[in-house]
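Shared chain: chain A. Partners: chain B in the first complex, chain C in the second.
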Partner chain A sequence: MTSTTKWLVRVLGCAAIVTCGMVASAGAQDARLEGRVPEAVRTEVDVIVEGARAAGLPTEALIDRALEGASKGADGTRIVAAVRRLRDELGMARDAMGSASTAAELVAGASALRAGASADHLNLLRSQRADEPLTVAAAVLADLVAVGVPVDTAVTAVLALAEGANDTEFIAFRRNVERDIALGASPVAALGVRLDLAAEVFTTDRAPPPSPRKP
Partner chain B sequence: MNHRGLAALAAAALVHAVGFQTIAAQTTGTLDLGGSWVDYEGFLGSAAVSLTPTVQYDAPTVSLGATGSLVVFESGNHILQALAAASWRTPAIGSLRGEVSGVAGANKYEEASTFTHALARSRIHVTRTRAGGWVGAATGQSSFSGASGTPFQIEAGLWAALDRLALDLTATRTWFDEIEYADVVGSARLRELSVTFHGSIRARTWSANGGEGLYGEIRAEIPIWRRLVALVGGGRYPSDPARGVLAANYASVGLRVSAVQGRPRLSSQIARTLTRSSDEHATLVPGQARIEVRSVDGGAFTLRVRAPGAESVDLAGDFTDWNPVALTRVNGDVWEVQLPGAPGLYRVNVRLNQGDWMVPRGLRAAEDEFGGLVGILVIAER
Partner chain C sequence: MTEHRDQFDRAVELLKEPVELRADLEQRIMAEVASGPRPKVWTGRFWRAGNWVRRGRPVSVSPLGGLALAAGIVGVLFVGRALPRPEAPAPAPLAEAQGATVAQFVILQPTAASVSLVGDFNDWNSSSTPMRRAGSSGIWIVTVPLDPGRYRYAFLVDGATWVSDPSSPPALDDEFGPPSSVVTIGGS
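Entry: the complex of A and B
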């Protein structure tokens, strides 16, 4: 191959790479944003989304966040800031929960982080529930913190449940705690009572339903 | 006397409000000490002891009453209750008379539940010598710690008093939150050989989330010596979802000591419903909505929204690309929509009647970064 030919190949190769990149970039633009947000905002969101995709983070939630902001009439700055913040939280959640985490797990993890849980908490949860989906557990953790349970207490409770509870039981647990709180119990007391009841169920190997108690 | 007896006892504080007796002002104090066996729905039967002080002031146009109660179960758990009631009667215009009353109370079961309420009631009475009737309505505020609601109740009743027998029949319709029910209550009071018998039968004839059934209670007050009265009672009463009281069967015995010479508690128990009003609220608050996940089936789930009084319900969320989706009315206040989506965590808002977007009850509300709130919906595998 002559030097001229080599030069031509290099030029064509670079052109192909640039073209493919542009096509890929264009393809990365989410059509759902079209007409929903100003073009400048869309461009910024696209850059964030593309960066997240390149980093292996889920992007659907980012688009959803931009759409939510648009539907609520938020200005572009707020929308971009919200999308960027979510991307950062998803990244933290992925670092804490592992790269094998699903998109739903990372979204739930990000929600827990925002509620006050730490990356260490999520990491603990992952290690305790290595083979089970973390989505609901992380969501319940966030919910408990949101209803006033101190974050460390909520983490302890979720970790305790994580060994034996399935997703439906997690949901029921959260619902019962919220109900107890609504009925007047303090968040910590409600959590304690429900945790005791859950422990009874799990320690009996789920065989018999819990017996009625005396009032 | 079990803790249920408190309501009946407190009712006595207002009984005179509708008896319209022309009496001089009088203050009465009683102290009840009782033991009971109570079998709450969902719990094992348990013995309990109770201490119930009551004080009552009656004047021709005003009645005031206050009572408290401590009930201790054999587990060591206890219920504390307090109730205060007041009633004012207008001067009679012919056989008509107006009445305005209020009741406020609270109860607390260990650290598990606390309930407070304050209700106002108005009635118009038609009174004859030995019979009468009334119509009335009540509303107020009931609170479960941070959550509160506005109960509303309408009622109508008839009463008749014979020599030793008093009868009344009451029909009520109650709304509270997602709970509605209609009750018909017949009660009788008979005084025979200085023993007073109280009996009642309640039929919850219709209900939405409030349970249905037939209930009955009976109680006897047997004078022993001067100011000492023996109390024996038992029966079955319905759940009170608004107050967090479970349905129960009970039997009780006790002693009542009167600090002042007691006088016959006449009246036809019409006012029993006055205190019942404190127990049986129910609300339906237009403008509120509650959401729940009805089913998760493969790649779709069904959301149900209960929205009292709504003419339209829309939902927007992550799974609709934040485009409003109209829900379909299933029946009455219930609306549904089926949406595609996998288990996970979603953000969602709901609006009623094309109004503002809001977070329905049943979801955790979080700041949405756009100056408002958003609901966090968890869809779990089932």
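Entry: the complex of A and C
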């Protein structure tokens, strides 16, 4: 083999290695972020997303959060901080709700944690609804806090409903509370009235009835 | 009755009488046949081409050539399997088709020229889900199929102003300034 041939083989080998590296790198990045966030932000978000993926956490919500920030014109620092914070909350939710939880459950659990619920609350919710999806129950908890119900009261209400209510009933409960608040009731009073009504329905229609409302 | 019987017997006798044929009958028949339309037959270069195709001929292939030919055939088969197939007319994803809920989003914006629904379900793309104005009431509506889950969203009015949904819970974690709402789709 002549020196020219050896040189050519080495150049082609290096080019192949570089090409493979570029292809692998491009595959790790999410194409939806391209052109939506600055390159430096994209790199940081990709690192967070890859770490979450390696840890077995859902990554779609992280990309969505970055895209939301980009659409609303947030600066890169805030976008990266928001994505990182959500990654941490998803991890906490997974630890509390179990590794078998779905992505939707973990996203809702992260919302509940953001609303002020504790990991113990989520763990208790999981144990009470072992055979039911937790997505709506955890989301309703966060939604009740968002409309002004104190965290402890919202947690008590959701845990009381958890054993008997299905998703549709959870959503109806939340809507009724929101409607009562919009009509002028205080959040705590609205929640109490609706919880009493739900308890009556469960007591008469099915067993076991929910736990009594926390005073 | 006897009269009918006699007529029948006479007819039978008439039919039994010998008939004399004209001597040139055979020539006249053959002349008629010859003057009729002839059946079409394949002739000329098409017929010769068909013969060329059908005719066998010896083919000699070297062992190396045969190996290359076999490798080529195997290669074509594998490449054909590896190539992406033409995409079928985009069917809805199975999970979406089976478990999706059609959610309707409504907002009142009487003075808006355009309103878009932007959220987790469309990659926060402001041009993906334009809303339509319902008559002249100023109500804007759009429906979106959503799988069970929790989604953040907002309305973008006239391409510039972010507005949250007053009929849905607000997102607690508005870290980017303009508010968002959340919608939760249940599965049980």
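The definition used in the following text is that the second predicted complex is superposed on the first by the 179 of 215 C-alpha atoms of A that agree within 3 Å, B and C clash if a C-alpha of one lies under 4 Å from a C-alpha of the other, contacts with A are read in each partner's own complex, and residues count from 1 in each chain.
Simple rule for what comes next: a contact is a pair of C-beta atoms (placed from the backbone, for glycine too) under 8 Å apart; a residue touches a chain by one contact, two chains touch by 3 or more.
In this text, all values refer to a predicted model and were calculated from it rather than measured experimentally.
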item: Combined model on chain A: chain C and chain B, fit or clash; value: clash
item: Touched partner set for A:Asp88, first chain B, second chain C, both or neither; value: neither
item: Partner chain(s) touched by A:Glu132 [first = chain B, second = chain C, both, neither]; value: second
item: More chain A residues in contact [chain B versus chain C]; value: B
item: Chain B versus chain C as contact partner of A:Arg78, first or second or both or neither; value: both
item: Which superposed partner A:Arg32 touches (first chain B, second chain C, both, neither); value: both
item: Contacts of A:Ala185 with chain B and chain C, given as first, second, both or neither; value: first
item: Residues of chain A at both interfaces, chain B in one complex, chain C in the other; value: 32, 61, 64, 67-74, 78-79, 81-82, 85, 103-104, 107-108, 111, 114-115, 133, 135-136, 139-140, 142-143, 146-147, 167-168, 170-171
item: Residues of chain A defined as touching chain B within the complex; value: 32, 61, 64, 67-74, 78-79, 81-82, 85, 103-104, 107-108, 111, 114-115, 133, 135-136, 138-140, 142-143, 146-147, 167-168, 170-171, 180-186, 189-190, 193, 211-215
item: Interface residues, chain A side, partner chain C - complex; value: 32, 61, 64, 67-74, 78-79, 81-82, 85, 103-104, 107-108, 111, 114-115, 132-133, 135-136, 139-140, 142-143, 145-147, 166-168, 170-171, 174, 178
item: In the complex with chain A, residue positions of chain C that touch it; value: 118, 120, 123-126, 147-150, 152, 162, 169-173, 175-178, 180, 182, 184, 186-188
item: In the complex with chain A, residue positions of chain B that touch it; value: 38, 40, 42-46, 48, 73-75, 77, 108-109, 111-115, 144-147, 244, 316, 318, 321-323, 342-345, 347, 357, 364-366, 368-372, 374, 376, 378, 380-382
